Amino acid sequence: MEVLGYYNYWVFAVLLMIGFYAVIARSNLIKKLLGLAIFQSAVFLMYITMNKVEGGTAPIIQKGVVDQIFSNPLPQVLILTAIVVGVSTTALGLAIVVRIKETYGSIEEHEIFEADLPK
Amino acid sequence: MNFSEHLPALQVVVPLLSAPLIVLLRSNGLAWAAATATSLMAFAIAVAITLGVLDGQTFPYSMGGWPAPYGIALGVDSFSAILLLIVSGASSFALLGGRPSLNSQIEAHRQPLFYAAWMLALAGLSGIVVTADAFNIFVFMEISSLASYVLIAGGPDRRALPSVFKYLVMGTIGATFYLIGIGLVYMMTGTLNLADMEVRIQGVADQSPILVAAGFITIGLALKAAVFPLHAWLPNAYTYAPHMVTVFLAACATKVSLYVLLRFDFFVFQQNLAGHAFQFATFLMPLAVLAVVVASAYALFERNLKRLLAFSSVAQIGYILLGASLVSTAGLTASGLHVFNHALAKGTLFLAVACLAMRFSSLHLQDLSGAAKSMPLTMAAFCIAGLSLIGVPGTAGFISKWYLIGAALNEGALGIGLAVIIVLSSLMAVVYIWRVVEAAYFHTPNTSAVNIKEAPRELLIITLLAALANIYFGVNSAVPVALASDAANLLMGHLQ
Amino acid sequence: MFLIVAIAILVTMALAIVRALLGPSVYDRVLAVNVFGTKTALLLAVVAFLFGRPDFLDLALTYALINFVGVLAVLNFFQKRSSAAAKEKATQNHG
Amino acid sequence: MSTEKLILGALLAPLIGAVAIGLGAKLSDNVREAATLITALILCAIVWTIVPEVLAGGRPQLTLAEVVPGIEIAFRIEPLGMLFAALASSLWIINSIYSIGYMRGNKEKNQTRFYIFFAVALSATIGIAFSANLFTLFLFYELLTLSTYPLVSHKGDENSVRSARVYLGVLLTTSIGLLLPAIIWTYLVAGTGDFTVGGILAGKLQGPAVGLLLGLFVFGVGKAAVMPVHRWLPAAMVAPTPVSALLHAVAVVKAGVFTVTKVIVYIFGVDFLFAEPSGAWLLYAAAFTVISASVVALRQQNLKRLLAYSTIAQLSYVVMAAAILKPLAEIGAAVHIVAHAFGKITLFFAAGAIYVASKKTEVHQLRGIGHQMPWTMGAFTIGALSMIGVPPTGGFVSKWYILAGAFQADNYVAVATIILSTVLNAAYFLPIIYLAWFAQPKAPQADHGEAPFPAVFALSVTALLTIGFFFFNGPVLELERQIVQGVSP
Amino acid sequence: MITVFAVFLLTLLVITAVAIVRTENLFIAVMLAAIFSLLMAANFFILDAADVALTEAAVGAGVTTVIFLSALALTASQERAKPSARMLSVGVVSVTVVVLLYATFDKPRLGDPNAPVQQHVAPWYLEQTPELIDIPNVVTAVLASFRGYDTLGEVFVVLAACIGVLFVLSAGTSGGPQPVRPETPGLRHHLIPKVVGRLLVPFIILFGLYVQFHGEYGPGGGFQAGAIIATAFILHALLEGESAGLRAIPRSALLTMAAGGAIIYAGVGILTMLLGGSFLDYSVLHSNSVKGQQYGIIAIEAGVGITVCGALLAIFHAFAAREQS
C-alpha cells in the first residue's frame, strides 16, 4: 500500500503533465480537447485515490453484514459531477471545432490564426 | 421558513429554473420577455438582499435542510451583495435595452436557446457568489462558464469561434486547477465548507499541500479572472462576442472569479499559512502593476473600439488586484468599490458601443469618425462613462481611485510608487478614451455615415440611464462605500 | 482461482494495448480496442468476485454493452468517411 | 431668498441659461442672444446680491452631497472667491455684448454651440469661486476645462483642432496627473480638504514634502500657466477673440491663479509656508516665468500671441505675489487678478475689434491704425498702460501692493523682477502704441473704420473700468483685507 | 494482490495517454482515448468507486467516444504538425508537476484510515444515511440529498452543454426543421450488426431502467441510466440511420426531455420550499421524513435521468445529422 500510495499520486501528476502538454503544445484543436480530457481525468484519479480506505469496500451498505469498512463516498459524488462536467465541456468544445472547420476549413490553430491576419 | 430567508436560494434558483422553461418557448419575443422578467426578478432579489445586508443580516441557508459541513450552505455578506448587484444589474440592463442589438446579431430561431444560456450564465454567476461551499463554487463556475462560451459563440464574426475555443480551453484549465486545489485542501481537512475549512486548516500540521493548494487555487481563479498575464483569452472573447453579451460579461464575469479568489485567500488561507499575506502580496502586486501598465499600453495602440475597451478591462482588473494585494482594510475597500464602479463604467461603455454598432458597420476608430454628430446622446453617454473609467471626480470611477490611491499612500515609500503608477495609468486612460472621443467628435464624418440616426430608443434610454448611474454613484456613494468597507472589514477580520 | 484468471486477463489486456499502439493498420487498432473492452468487462467481473461483491456484475454488463456500441460507432464512422471520400472524388472528377 | 438658495441659483442660472439658449436658437438668433444676455444679467445680479453679506463678514455655505465620508461637494463663499465670482459674472455681461458684435461681424458657424458652452463655462467658474474644499474645486476645475474645449476648437479646422488638443492635453494631464494626487495627498495628511483660514497643513507635513506638494499643486493647476506648463495658452490663441477674452480675463487663467492663491492661503497657510524653506522655490519659478515670458513676448509679431505671452507673465505676477507670503502681497495678488482682468480683456477686445474691422493680426500691420479706429486704439492704449503699471490705471494699484509686500518680506528678488518686467512690458507695448498713433502707413489703407458697435461699446466699458479701478478700489481692498485676517503682518 | 493490479493498470494508463498525445492520426487517438477511459474506469472500480466506474464507462468511454467520432467525421482525422516552440510548454508543464510532486510527498498514504479525509464529514454520511434516508447506497444518498444542490448544478451543466451544442451548431441554418442527409443508410445492410443490434436495443433500455431504479441499492442512478438509455438510442440511430433515429424521438422531444428533467429537479426543490422546508429538503414531502427523503430522491433521480438522456441524445444528433461541409 505504501508504494501504491505514492504510485497513484505520481500517475496523477504524470497524466496531468501529459494532458497539459497536449493542450499547450499541440496545435490541432481536437488534440487539445483530448488533452483536456486526459488533464481532467488525472484530477478524477487524484480524488478517487483519496477516497480509498484500506480493507474497505464501495460505500453501499449490505444488509446483514456488520463491521464493514466503507470507502469515502464524498469524493465519489464530487467526481461523478466532475465527469459529467468534463463531458459537457468536451461536447461543447467539439461543436465549436466543427463550426471552426466549417468557417475556416481547418482545425489547426496556427492556420486559423494566419487566416485572420490582415492581408 | 419565511420568504426572506429563502432569498439567497431564490437568487440562484429563479434564473436557473427559467432556463429550461425558456428552452421550451418557441417564440423569441416570449423568450426575451421571460429572460428579462427573470433578470429583473433576480435584480429585485439582489436589492432585497443588499438592503438586508446593510441592516446587518447574513442570510444563512442550508440547502436540503442539512447542516454544514454535511450539506451545502449558502451565505451572503456585504462583499457578495456587491457582486450580486452588479451581476443581476448588468444582466437586467443588457436585456432590457439590448433587444434591438440582439435581434440584429442573433438569428431569430436561435434566440430561445441564446436566452436560456443567458439565464444559465446569470444563475451560474449568482450561484458562485452566494455559496459557501468550495465544490459548489466549481459546479456553478462550470455552469456560468459553459453558458458564457455559448453566449460568446453567438457573435456573428467568425473570429468569435477561435476566440471562444481559446476561452474554453483556458477556462477549463483554470477550473481544473481550482479543482486540484480544492482536492488538496479536502485531502488535508476532510471538508468542503469554506468556514469549516478555515477552522480545520489550523489543525493541519504539515502545510506543504495547503501551500500548493493555495497556489493552484490562486492560479486557476486568476486564469478565469483574466489576471495578467493569464488574460490572453479575454480581449478577443470580449471583442467578438455579441455586443450585449460583452456588456453583461465585461461588467461582472471576471469579477466573480476575483471574488472567489479573495474569499479563498482571506478566509481560508491567510491566517493559516505562515507568511501567506506576504506571499499573496509579493505574487499579486507585480502582476497587478504589470496589468495596469501593460494592458493600458495595449489599449493605447488598439484601433478596434471593443478590443481597446477589452484591454482596458484587463488593466482595471489590475486595479482591483492592486487594492487587494495591499492586504489592508483600505486596500480591500478600494478593491470592493472598484468592482462596483468599474462594472458601472465598463457596462455603460459597452452599451454605448452596442449603440454605435447598431448604426456603424465597423467599430474601428477611423470608421467612427464624426459619430457624435449623428449620435450625440450615445457619445455623451460614452464620454461620461469614459470619464468614470479615467476616474474624474464627479463620476463613480473617481471614488474607487480615490480610495485606491489613499490605500496605496498608507504603505509608505512603496505606496508612493504605486500611487504614481495609478496616476500614470489614469493618464493613459485619458489618452485612449480621448482617441475615441476625438474620432467621434472632431473628425469629419465619412460620407457613408452622414445619414445615420441615433440608436433605437430602448437601447439609448438604457445607455443614458447607465451613464447617469455613473454620475449618481460618483456623487452619492454611500451605499457602495458602506458595502465595500464592510466587506473589507470582514475579509481583514479573518486575518487576526 | 480468480487470481489466476485475473492475471491472465491482465496479460491479454497488455497484449491488446500493444496491438493498439503498434497498429499497423487502423483495423488492427479497432480490433484491439474491441478486445480491450471485452477484457475490461471480464476483469471487472473477476475483481467483483475477488472483492466479494458479486452484485457489481452490473458494471461488467455496462462495459460489455458500451463496448459494442463503440465498435458500431467506429464502423459507422468508416462508412461515412468512405461515402464522403467517394463524393469528394466524384466532384473532383466532374470539376 | 436665503443665501444658500442664492449660491445654488448662481450655479444653476448659467446652466438653465444654456438650455434656454439651445431652445431659443430654434426660434431665432435674436432670441438666443437675448437669452445669453439675460442669463448673464441674472447671474451678475445674484452674485452681487451676495456681496454685502460677505463684506459684512458673513461666510454663507451650502453642502450639496457627501461623496464619501469626509469628502463633500460643498460651497462656502470667502472674500477671494467672492471677488472672483463678482469679476467673472460682471465681465460676462460685457463679454456677451462683445461676442454678439464679434460673432455676427465675423459670421462664425455654430454660434449656438458657442453660447451654450460659454454659459456652462461660467457655471463652472462660479463653482470654482464658491467651492468650499479642494474636491469641489477640482470638480468644477475639470468641468471648466472640458466646457471650454469646444470653444477653443470652435473653428473646427485642422489647425484649431490640433491646438485645442494641446490645450486639453496639457490641462487634463496636469490636473489628473499632478493636481489630483496633490489633493488626495492633502486629504490623507490633513484629513480634510476644506479651505480654512490659516491653512490646514501646518504641523502635518514638514521638510521637502512641503515643497513637493506645493509643486504638485502649482504645476497641477495648469491654468495658472507657470512655466513649463504654459504651452496651452499660446496654442489656445486660435480661438475666436471672445473666447480668448474668456480664457485670459474672465475665467480660465483666473481660475488658475485663483486656485494657486487659494491653496497657498487656505491650504498651506501663509505663515506655515513662510517658515518652511522648501517652499521657497515657487517664488523663483514665478519670477523666472515673468521674465522669460516677457522676453518671449518681446519677439512676437502676432498681436494675439504677444498678448498671450503677456498673460503668462502677468499670471506669474499673481503667483509670485502669493509666494511672497506677506499680507500686503496677498492683497496685491488678489487685486492683480482684478486689475489684470480689466486690462487684458480690454486688450483682447481691441485686438478682436481690429481683426473684425480690418482682418489685421500682425503688429507691423498696425501702422497708423489709431486714426481709423480711435476708440479701439484708445482703449488698447489704456489696457497697455495698465499692463505696464502706469497710473492712473488699475495695474498700478496691484503693482504697488505687490512691491510693498516684497519690501515687507525683504524679498529683493521679487522687487528686481517687478522692476525688470515693468521695463520689458514697456518695451513691447510702447512700440505698438507708437506705431498705431504716430507712424504713417507704408501703403494707402482701405478705409475700414471702427468695429461693430457692440464691440466698441464693450471695449470702451472695460477701458473705463481699468481707469476706474485706480480710483475706486476701496471695496475690493476691504474684501481682500479679510483674507489676510489672522495672518501676522 | 490488488496493488499489483492497480500498478499494472496505472502503467497502462500512462502508456495510453502518451500514445494519445503522440499519434498524429486523430481517429486512432480517439480509439485510444476510449481505452484510456476504460482503464480509468477499471482503476476507479479497484479503488472502491463503483458508481464512478459505471459513470466513466457509460459517459466517458461510451458517449464521449461516439461524439468524438461524429465530430471527426465532420472535421479531419489527421493532425498536421506545426513547427513550434515547445520549450515554453515543457517549462510550464514541468513547473506544475514539480510543484505537485512536492505536495504529494506529504500526502496521506493511500488507504490510510486515519487520513483527515476519512475522519471528518464522511463518517457522518456513513453513519447517518441508514437512519436519515435509509437507502443502502451512501453515494446516492450524498449525491441526491446531502449534496443535492451540487447535483442540481450538474444537471444544469448538462443542460447548458446541450443548449450550447444545439446553439452553436444551429448557426448558418435557416431554423426550420433541419434536413437529414438522405444517404445515411446506417448499418442496416450489414447482417451481424443488424441482428445483434436490434436484439440488444430493448435490453439496453431495460438495463438502463434497472440502473435508474436500482440506484438506491447498487451502483447506478440517474446519470448512468440516462447515459445508458441514450446509448441504446444511439445504437438504434447507428443501425437504422439518422433519419430513422430522429423519427423515433424527434429533436424537439429531445430538447423537451433535457429541459423537462431539469424542471422536474428544480421543481421538486420549489415544492419543498412551498411545503415549508429548505430548497431540496425532501423531508417535508411526507409526514415521515425518511419516506419523504426517499420519494424526493426517486423524483430527482428521474429528472436527472431524463435530462441526461435527452441532452446526450440531442448532442449526438446535432453532430451526426450534420452535413459535412
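A, B, C, D and E are the chain letters, set down in written order, and residue numbers restart from 1 in every chain.
Please note the rule applied: a residue touches a chain if its C-beta (ideal position, glycine included) is under 8 Å from a C-beta of that chain, and two chains touch if they have at least 3 such contacts.
Model, not experiment: these values are computed from the prediction.
Listed by label, the chains touching chain B and chain E alike are A. Without chain B, the rest of the assembly breaks into the touching groups A, C, E | D. Note on connectivity: the fewest steps through touching chains from chain B to chain C is 2.
Centroid distances built from C-alpha atoms place D farthest away from chain E.
Sorting all chain pairs by how many C-beta pairs they have in contact places A-E at the top. Here the spacing of chain A and chain C, counted between their Cα centres, is 20 Å.
Our note on geometry: chain B versus chain D, Cα centroid distance of 45 Å, whole angstroms. Annotation: 75 Å between the Cα-based centres of chain D and chain E. Shared contact sites, meaning residues of chain B that touch two or more other chains, fall at 135, 139, 142, 146, 149-150, 153, 180, 186-187, 192.
Multi-chain contact residues of chain E (touching two or more other chains) are listed as 50, 72, 100, 104, 107-108, 115, 117-118, 121-122, 125, 147, 150, 153-154, 157, 160-161, 164, 168, 171, 218-219. Listed for chain A are residues 16, 20, 50, 57-58, 74-75, 78, 81, 85, 88-89, 92, 96-97, 99, 109, each touching two or more other chains.
Pairwise chain contacts in this structure: A-B, A-C, A-E, B-D, B-E, C-E. Only residues 64-69, 71, 73, 135, 138-139, 142-143, 153, 156, 161, 165, 168, 172-173, 176-177, 180-181, 184-185, 187-188 of chain D touch chain B when the two sit together in their complex.
Touching chain B in their complex are the following residues of chain E: 99-100, 102-108, 115-122, 124-125, 128, 145-150, 152-154, 156-157, 159-161, 163-164, 166-168, 170-171, 173-176, 255-256, 258-260, 262-263, 266-267, 269-270, 273, 276-283. Those residues of chain E whose C-beta lies close enough to touch chain A in the complex are 3, 6-7, 10-11, 13-14, 17-18, 20-21, 26, 29-30, 33, 36-37, 40, 43-44, 47-52, 55-56, 59-60, 63-64, 67-68, 71-72, 74-76, 79-82, 84, 86, 88-90, 92-94, 96-97, 100-101, 104, 107-113, 115, 117-118, 121-122, 125-126, 129-130, 136-139, 141-143, 147, 150-151, 153-154, 157-158, 160-161, 164-165, 168-169, 171-172, 217-219, 223, 308, 315, 318-319, 322, 325.
Remark: chain B residues 390-394, 399, 402-403, 405-406, 409-410, 419-420, 423-424, 426-427, 430, 434, 438, 442, 474-478, 481 touch chain D in the complex.
Interface residues of chain A facing chain C in the complex, by the touch rule stated above, are 57-58.
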